[in-house]
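For reference, chains read A, B and C in written order, and residue numbers begin at 1 within each chain.
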Amino acid sequence: MAFASKSPWVIHYDGSSCNGCDIEVLATLCPGFDGERFGVINTGNPKHADIFLVTGSINEQNIEVVRQIYDQMVEPKVVVACGICACTGGIFHDCYNVLGGVDKAIPVDVYAPGCAVRPEALIDAIVQGIAVLDEKSAALEQKKKEGVA
Amino acid sequence: MSKATIIPFGPQHPVLPEPLHLDLVVEDETVVEAIPQIGFVHRGLEKLVETRDYNQFIYVAERICGICAFGHSLGYAETVEALMGVEVPKRAEYLRVIWHEISRIHSHLLWLGLAADAFGFESLFMHCWRLRERVLDIFEKTTGGRVILSVVSVGGVNRDIDSTQMDEILHILDGIEDDYRQIMQVMLTDASVKNRTVGVGHISYEDAVSLCMVGPFARASNVAYDVRMFGHGGYGELSDFRPLCATEGDCYARVKVRCEEVLQSIAIVKEMAAKIPAGDIAVPVKGSPAAGAESANILEQPRGECYYYARGNGTKYLDRMRMRTPTSQNLAGMVSVLEGCDLADVNMIILTIDPCISCTER
Amino acid sequence: MFTSEFMPLALENVASEAAQRKSDGWRFVQLLAVADNTGSGDRDNAVDLVYSYMKDGRLENLVVKNVAVGEDEAKVDTVPSITDQYLSAFVFENEAHDLFGVHIANIAIDFAGHFYQVPVREPMTIISPEQKEAHERAAKMAAAKAAKEKAAAAGKTSGADAENAAKPAPKSDADIEAKLAGLPPEKAAKIRAAMEAKAAKEKAAQKGEAGNE
């Protein structure tokens, strides 16, 4: 395992969430649940981040913002859809301005449902995300080797 | 005179968990104009009232905002009750006040933490959120949820708090109060806090009145307005209530008002818990709102006055449900307070207004 | 205790009312629009506007009825902005424009239709099929109720005897129809089918009994 593996930095973006999942994302990283014990640090800069935590559904106006943040992140990267709205649109799925879950805009690796998503589920999702990150970095490594050879 | 430059702020910005975009027109380091751009969280949930009946919509209403979730379900229920002429049992009114005030404690602690984070006091942020977890424990014990509680129904509440649970709540609150007084001491006296807040983002009493500001933002400019003082619902049972105000009108005053409101809320919960009468917690609600019936209602949310409007059409589905949330009312105040401030103070000022974007855009 | 009242306001008085309220020290609470989807308004595409003001615990909601909206410039009503008096109204005026298509002139901070980005124009004025159905159902319910009351009144005038009154009245068709009108159509259809099946069964049973004798 080359780099990644243990300390993923996360970036959080609130799609069109009701705030419930956002504060749970923050609460996960705070005392009480202490997500930081996995080396997780919340960063505001997409270039620093390994895991993209998206809360809330995708709408007309934020779809470009979500894509832009995702594009700015460097490979390997993992997307976690936090909460049922980010997974499928949830209770708001039939609103006129909701396009659906985050997977309408960018590829999602881990889904963490719940309304609001519970911090335990989020920690689980982030740890799963670390595994995906490892896989992706190994694949990247392999590709590099093949390219050289 | 230097050239004006436009600096975009947000939507993804570390200071706010929520997306808010501002175009800041700056000359050197001074902001001359701030133009807000919202709509990133607009879902259009007011339209959902046509496909969810008035009992189901309560679950949509509390998902307008995950921080003021209880307040929105309460405001919505009160509006529909007014529309249909439903009389809520006394015990339910008391329980609603107790949960609403605990929500306020949770919201203010959350905000104090974010404010500490905004002026770079990370350990204070962690302490506030640690304390907030204990408030959420009360929610989890009494309702089963941490964020979305789903305890209000049209006609009352779904769950009772029995006397053993009530004693437990009071015990937890006593512990929180002790810890909180230490945090408050730091918040209000520490030099590093005062350096960032005193004299920053000043707004006068006259401006606060003419911009129709509400909530702690207005009360920090000495506008003595708090919907709770009208004694609506369970608040009428309080022996004494007066809005907490400050005269300075700057960021420090806004921190101070919210700090003191936490203690006020703890006192209200204690008083209500001591006085709560026995009885039913809900009345059965039958029928549907009459065609063309209208009702309007206001409620004090943690962020200020919230206005609700409902119109019936003779079926179980409402024609229109509208919430005017405190932040949308305060946007004009925010724009005018940002004019003339330093660029480095923008995040602090925005935070002390405590904007709730998902409330505003729905 | 605060009081909440609804009162009418003419469209031409919106601006003067705001100026008057401002000088009298009223606080502007909010502005909202309600799409008039009932079809009862005398215009096709109309909304009601509600301006709320508050002072000393009195919440007054001023309702402007039937404001024509839409894309047709010639047919719409132009509403004056009140942002010259109350700046905080700019949020609601932009919202009313974007979601309801209300034409508001001279908003202090005008987003010119870019306040919200939505996939359809004026989404809140679109009458959803569910809403249309709800209105039809409400009309049916009201009609059925009126018919029932009429029947009850007729029964009374003809002089119902004590014996009849003591017995629970058999469920009349009007009664059942009134209930069915309140249900979604697919559910009502199911109940109707079940009732017909039951009636057929009873008929068959009666026939069978008759045969046995």
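Convention: a residue touches a chain if its C-beta (ideal position, glycine included) is under 8 Å from a C-beta of that chain, and two chains touch if they have at least 3 such contacts.
What you see is a predicted model; the values in this text were computed from it and never measured.
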Chain contact topology (line, ring, star, complete or other): complete
Pick the pair with more C-beta contacts: A-C or A-B? A-B
Centre-of-Cα separation between chain B and chain A, whole angstrom: 28
In whole angstrom, how far does the Cα centroid of chain A sit from the Cα centroid of chain C? 42
Counting only residues that touch at least two other chains, what does the list for chain C look like? 116-118, 123
Junction residues of chain B - those touching two or more other chains: 39, 42, 44, 47, 51
Going by the touch rule set out above, which residues of chain A reach two or more other chains? 59, 61, 96-97
Of all residues in chain C, those that touch chain A in their complex: 116-120, 123, 126
Sort out for me which residues of chain C touch chain B in the complex. 1-2, 4, 6, 27-30, 32, 34-35, 37-38, 50, 52, 54, 57, 59, 61, 63, 86-88, 90-92, 109, 111, 115-118, 123-124, 128, 130-131, 134-135, 137-139, 141-142, 182
Interfacial residue positions of chain A with respect to chain C in the complex: 59-61, 96-97
What does chain B use to touch chain C in their complex? 35, 37-39, 42, 44, 46-47, 50-51, 82, 209-213, 225, 227, 230-232, 236, 288, 291-292, 294-298, 305, 307, 309, 311, 313-317, 319-320, 322, 324, 328-333, 335-336, 360-361
Using the touch definition from the top, list the residues of chain B that touch chain A in their complex. 11-14, 17-19, 39-45, 47-48, 51, 59-60, 63-67, 69, 110, 125-126, 129-130, 132-133, 136, 146-148, 356, 358
